[in-house]
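Note that the chains take the letters A, B, C and D in the order they are written out, and that residue 1 is the start of every chain.
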Amino acid sequence: MAATLTPFVQLEARNDSTAMTDSLSDLARQLDTFAHERDWQQFHSPKNLASALVVEAGELLEHFQWMTEEQSRALAPDKRDAVGAELADVLLYTIQLATALGIDPIAAARSKLNINEIKYPVDRARGSSRKYDEL
Amino acid sequence: MAATLTPFVQLEARNDSTAMTDSLSDLARQLDTFAHERDWQQFHSPKNLASALVVEAGELLEHFQWMTEEQSRALAPDKRDAVGAELADVLLYTIQLATALGIDPIAAARSKLNINEIKYPVDRARGSSRKYDEL
Amino acid sequence: MAATLTPFVQLEARNDSTAMTDSLSDLARQLDTFAHERDWQQFHSPKNLASALVVEAGELLEHFQWMTEEQSRALAPDKRDAVGAELADVLLYTIQLATALGIDPIAAARSKLNINEIKYPVDRARGSSRKYDEL
Amino acid sequence: MAATLTPFVQLEARNDSTAMTDSLSDLARQLDTFAHERDWQQFHSPKNLASALVVEAGELLEHFQWMTEEQSRALAPDKRDAVGAELADVLLYTIQLATALGIDPIAAARSKLNINEIKYPVDRARGSSRKYDEL
């Protein structure tokens, strides 16, 4: 596991309500304990965690592979729950990978959203599915 | 987008400090606005969002594909930032998919962690990478 | 399915022994029959086949996610067979996607290998895992 | 690389026209030479090749992620070529992984197709996208 786990620690000391004293860091702590209790850090290299993340994302996509887009917008409750379980797996590995690399996932996400605002200006991106380098 | 967006709405009305009045729901709101401003909901069927999620997870894994596990535990700062950007993309699509399906990702993650506690009891899972049905 | 399925037809008419009168096109024919017998073409849009391909690739990776590279070079026979079954699934969807798009997979692969020869000249790429734009 | 590379060698000695003396094994040989010239075997553990395969499958899916199924059935020529290049990458890694594990990909695919015939009997599977355990 990364030696510098500062993002989480620093934020807690500040007790900033807009900081990571929320559900995502709670989960991060629980996952960390879960892995240590089972002596699993040996398997949790970032390389392996990134693989596990893709595997779970594939299991999530599997629920939709033969569906039409319309059907995917109107899932039956049991199918929605099954998808929710895979989505949970994706989130859990995302958090573990972030922890292992000392990355604050929320800060990274905010940063990326700002970059996307610039890459996809409303007047040029509106109604288009083109990638930013094709706008 | 799904008609039943109750998870987020209900939690906010209760003004529960342990609920989704945190960074993940802030991001959810920003992503929702971002997509509406650009008239992108037409492309955001759950089927398509699940595909986009896998694609980003693949881009994240690409950074590690030729690395050894040891190298992945000691990333150079610029590589760590690049991985952080892909991890952000994965989180952003995870949130958008959760919103589209009316799923509370934190609740789903907590639920899954509880299930994992049962599937992987410490005494049987300790030090082993075996899947739960092979323990 | 694509209307222009010329690559396969043209090659068979020429009766060229270096052409697609081999195992891959045999499999392509069998898969085509298999899908038609089951009235499955309705589900086999290229979009869906590409999703199925990623899903199978994820199932293949799942066998390796917690293994070390060394362990992956020395698989037990039953694990090798399990991996072989997923590799088969990946190949089957690759062929079906090629058929649906009227693409000759062998020709495309040869073409890409030639491009790779240029992108990764031996004197610059030797012993390096860097991507071509970083050589 | 695997010590037992018998599937390919045995088939060539027999000079069986229905065996692997065809385009797939030609490509396998070229890929092997390509990697050796560049001293790349060190990076080509099955674990790494499986990761590379998923990454390429993701790049292939990326072309379809915002498209409708209808649009994916009518690709413009340049888009079809771009997809063909990614499909080629998937096939190249499939072959390299098969070689590394001493697996005959065609034999494995034929085997899987036979298993699928049993798992999805025409009378029960016709017109349905259900998985075999839900038929």
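Here is the rule we use: a contact is a pair of C-beta atoms (placed from the backbone, for glycine too) under 8 Å apart; a residue touches a chain by one contact, two chains touch by 3 or more.
What you see is a predicted model; the values in this text were computed from it and never measured.
At the chain A-chain B interface, residue numbers used by both copies make up over half of all numbers present, so the two copies contact each other through mostly the same positions.
Matching CA atoms, the turn from chain C to chain D amounts to 180°, rounded to the nearest 5. A straight line joining the Cα centres of chain A and chain B is 3 Å long.
Chain B and chain D have Cα centroids lying 29 Å from one another. Residues of chain D found to touch two or more other chains are 43, 48, 51, 54, 57-58, 61, 64, 66-69, 129.
Listing the residues of chain C that touch chain B in their complex gives 51, 54, 58, 66-69, 129. Within the complex, the chain B residues that touch chain D are 43, 48, 51-52, 54-55, 57-59, 61-62, 64-66. Interface residues of chain D, counted against chain C in their complex, comprise 2, 18, 20, 22-24, 27, 30-31, 34, 37-40, 42-43, 45-48, 50-51, 53-54, 57-58, 60-61, 63-64, 67-73, 75, 80, 83-85, 87-92, 94-95, 97-98, 100-103, 105-106, 108-113, 116-117, 120, 122, 125-127, 129.
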